[in-house]
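The following block contains the structure, expressed as structure tokens.
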Amino acid sequence: MSAVTDEQDKSADEPLRVGVLGARGRMGIEVCKAVDAAPDMELVAMVDQGDWLFNASDAGAEVVVDFTTPDAVMDNLHWCIDQGISAVVGTTGFTEARLERMRGWLARKPGVGVVVAPNFGIGAVLMMQFAERAASHFESAEIIEQHHPRKLDAPSGTATHTARLIAAARAAAGQGPAPDATRDEVAGARGCDIDGVRVHSVRATGLVAHQEVLFGATGETLTIRHDSYDRASFMPGVLLAVRKVRTRPGLTVGLDALLD
Amino acid sequence: MSAVTDEQDKSADEPLRVGVLGARGRMGIEVCKAVDAAPDMELVAMVDQGDWLFNASDAGAEVVVDFTTPDAVMDNLHWCIDQGISAVVGTTGFTEARLERMRGWLARKPGVGVVVAPNFGIGAVLMMQFAERAASHFESAEIIEQHHPRKLDAPSGTATHTARLIAAARAAAGQGPAPDATRDEVAGARGCDIDGVRVHSVRATGLVAHQEVLFGATGETLTIRHDSYDRASFMPGVLLAVRKVRTRPGLTVGLDALLD
Amino acid sequence: MSAVTDEQDKSADEPLRVGVLGARGRMGIEVCKAVDAAPDMELVAMVDQGDWLFNASDAGAEVVVDFTTPDAVMDNLHWCIDQGISAVVGTTGFTEARLERMRGWLARKPGVGVVVAPNFGIGAVLMMQFAERAASHFESAEIIEQHHPRKLDAPSGTATHTARLIAAARAAAGQGPAPDATRDEVAGARGCDIDGVRVHSVRATGLVAHQEVLFGATGETLTIRHDSYDRASFMPGVLLAVRKVRTRPGLTVGLDALLD
Amino acid sequence: MSAVTDEQDKSADEPLRVGVLGARGRMGIEVCKAVDAAPDMELVAMVDQGDWLFNASDAGAEVVVDFTTPDAVMDNLHWCIDQGISAVVGTTGFTEARLERMRGWLARKPGVGVVVAPNFGIGAVLMMQFAERAASHFESAEIIEQHHPRKLDAPSGTATHTARLIAAARAAAGQGPAPDATRDEVAGARGCDIDGVRVHSVRATGLVAHQEVLFGATGETLTIRHDSYDRASFMPGVLLAVRKVRTRPGLTVGLDALLD
């Protein structure tokens, strides 16, 4: 965790120097472990509330990962961009205004990249991509999401987002509403309606976080299901972003673009 | 399709002589095919509206299968019982009063059996039995039923019945409500509530008739799923009842008792 | 089923004139029904063994659909291309040599398009596309295909093809073999090995045609499942190809390209 | 953790006094936590290698739970039975000879009960019960078990045991082999054969421990699926046995009997 690296001399096989901001938080701890275990990365700085950001630059961090708080993240990113350090950001609370401010900072630092993603689960991101892509080819589409019973909201944010993607793809293809002859419904049986897509939220002890997207056409159904058991499932997405962020100067929103 | 059988002389390997009432209806046609294909049965009479019931007795039917209408079925059964012919009945519309009348007729004919079943799908019946049996061992239970979009009611009758069986088993075991911290719900997301059990109804082109019962306890879930594609799926249950009805004098309601 | 159309005068809303070759075969009958039911198409010719191909051109067919036999299909297509009629082909038995010959014929008829597809099930094609795309992002990938017990081959052609797509995507991404510590195996338990991807073939009465592709990474799995119940499920893919073939001069192999 | 209880005076609401043998092992730790959290139990002794068994009797344990080793368990149980303490045993390595010896000890202590179970997962036990019960009603039955890739054996012990139960139920009902027309098989595609039942073992990162039993008849399938994510899933079964063992004098093998 020392000495500054001279970028020009860096050989291709030298590990990427990574700093973690929010290193003692729930996600930060997982990120530190994942970076430490990655053979092509070196964990050079673990920074949390009360620590100096300069620890990261002094240690020669080339990329920082930020899982901090909406209050702290903009200052952190401003400083990173100024220092020429690229950033991968999982902190929440990004509005379009915040993204716009960041684009301004990045415009003045052409070599620096920032990836902001609301969800680093590669499986979840692929599920949403596939759902969006399949949507226009099927007459019917419904979502069943299943979570542990301590969850406060129904449907989940991921389910709502998926429903909107499907609805938009259907609208773009000129599809009308999915067929549904239900006349006699016990209230709630048909789930909730998100932009015309029915979403069902199951809550049960023993479940973790699961989502099924069901598409139907005459004589066939296509189902895309994602099961997530563990916070560790976000780490491959974080590492992917860390590896790619310096090759994508400017701002990238969402993991999607990095999966191609 | 002729001559009366002398019961006493009947050898064990002689096929069982079966008549079908409602033989030209949707279900009746399937029953005729199934009886005809069964090596241990002989289809001796196909009776429908306008035909004489005596065709069945003249042909020596030992068992009749009735898939007719609520209007016709009581007369048919009265006649069968009088003739000493056992019956397997899939016709709907049975009230407790009707069952009671039939018990009266059967009391005077000790050798005759009648099986009345609302559902001859062995898979569906087992699903309900298993759900009832599992219910008291799990903190959570929800039902997801999935059908073609031409279905008028939601949830399905089978789902409602299953939910009631689960609710009764939970109550008998002194279980309280399943845990559910939902505070922020888009209306309908959590499904409908049948005696405290949440039921979700999915409707999509390409589906036929499916039901999943999900039970959850700490660290595990148990799922019982039934998929039905075809009216033919009821035939094994009908044939099972035909084979067993003469060994069960009196009235039997439901396929359950025959599955043990 | 008569009169030649003057292409130049054709208004945008006039239905597309479609002929079917192999019209009395299992698939041909379904195609005729589907074309007949499509509001933007007119079924102008039904041709089968013993009929003249000229029936199709005389009736002004703009597109023909060919579900015939490997023996007949090349002559049919040569004739169509010569006549300036585009074709959608579901007949099997296409080798690279055959495709090459067809490319030669098409080179001399720049306005004509031919789509040859081994599988017109949109759901199946999307499943394969998604599987290919997900493959490089997950450490593990296995396929479970489930069919009726009358099927002669195991695994299915679709499963084998999917496994190869996954294997190629893994190789291209430099992935090694999926982790598997199995030391003590009852022969066959781990399925068969198709280019390093394990495939499991389930056979049971009551199943039709189903496939599940399972991807796994730390803490999460992504499952893509296709259920097909009916030959009718191929028709949307056939109609899609009929609608698009004239906008894609030359040879198109596979439905994939038409789904974008 | 003191004073001996006078059994006669014990009121119905006093918590059951439970000791744990093997308290510092992986399972033992979970058992201690579960007993401690149960409102109707008191954890009165935690005994491990090097501790005196008398700690349990001195502390007034009415029931002990033994998750120790095959080497230690018989001595532990002999001592418990002598002391009049009932026991719930999850330790492995029980042969018929060992069970027979235990029956001898118990015969001389009529008030004492011992429950020995190879699997305390209520979900898994119910899955096996249901599979056994459904077996004779379906023409086809196959098992798909799915585990993490560090597992050494394929198929799993639970899958093998389930297959044997199904095979025995089929044999008892006089069923022949399930239909299977496979002629052209890539070696292993159809899984392994356990007493005539096909079993498929999937191994993938991200999976924990899952099993699906699929039954098929004409036009329908019935699927029983168990998903287990966590060692904690065994605790409800252990607690159930602790609550019931004193009401079942003598030896009980398997959790099944306690679930009725």
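So that you can tell them apart, the chains are marked A, B, C and D in the order they are listed, and the count of residues begins at 1 in each.
Rule of thumb we're sticking to: a contact is a pair of C-beta atoms (placed from the backbone, for glycine too) under 8 Å apart; a residue touches a chain by one contact, two chains touch by 3 or more.
Bear in mind the structure is a predicted one, so any value in this text is a computation, not a measurement.
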{"item": "Graph separation of chain A and chain C (steps between touching chains)", "value": "1"}
{"item": "Listed chain pair B-D, A-D or A-B that repeats interface A-C [over half of contact pairs the same by residue number]", "value": "B-D"}
{"item": "Type of chain A:chain B copy interface by residue overlap (half), same or different", "value": "same"}
{"item": "Maximum centroid distance from chain C, chain identifier (CA atoms)", "value": "D"}
{"item": "Selected pair, greater C-beta contact count between C-D and B-C", "value": "C-D"}
{"item": "Chain centre separation (chain B, chain D; CA means) in Å", "value": "35"}
{"item": "Centre distance in Å when chain C and chain D are each reduced to the mean of their C-alpha atoms", "value": "49"}
{"item": "Rounded Å distance between chain B and chain C, as computed from the means of their C-alpha atoms", "value": "40"}
{"item": "Residue list for chain D, restricted to those that touch at least two other chains", "value": "138, 206, 215, 217-221, 227, 229, 233"}
{"item": "Footprint of chain A on chain C - complex, ascending", "value": "121-124, 126-127, 129-130, 133-134, 137-138, 215, 217-233, 235-236, 259"}
{"item": "Touch list for chain B against partner chain C, complex", "value": "206, 208, 227, 229, 233"}
{"item": "Chain B contact footprint on chain A (complex, rising order)", "value": "138-142, 144, 146, 149-155, 160, 178-194, 198-207, 214-221"}
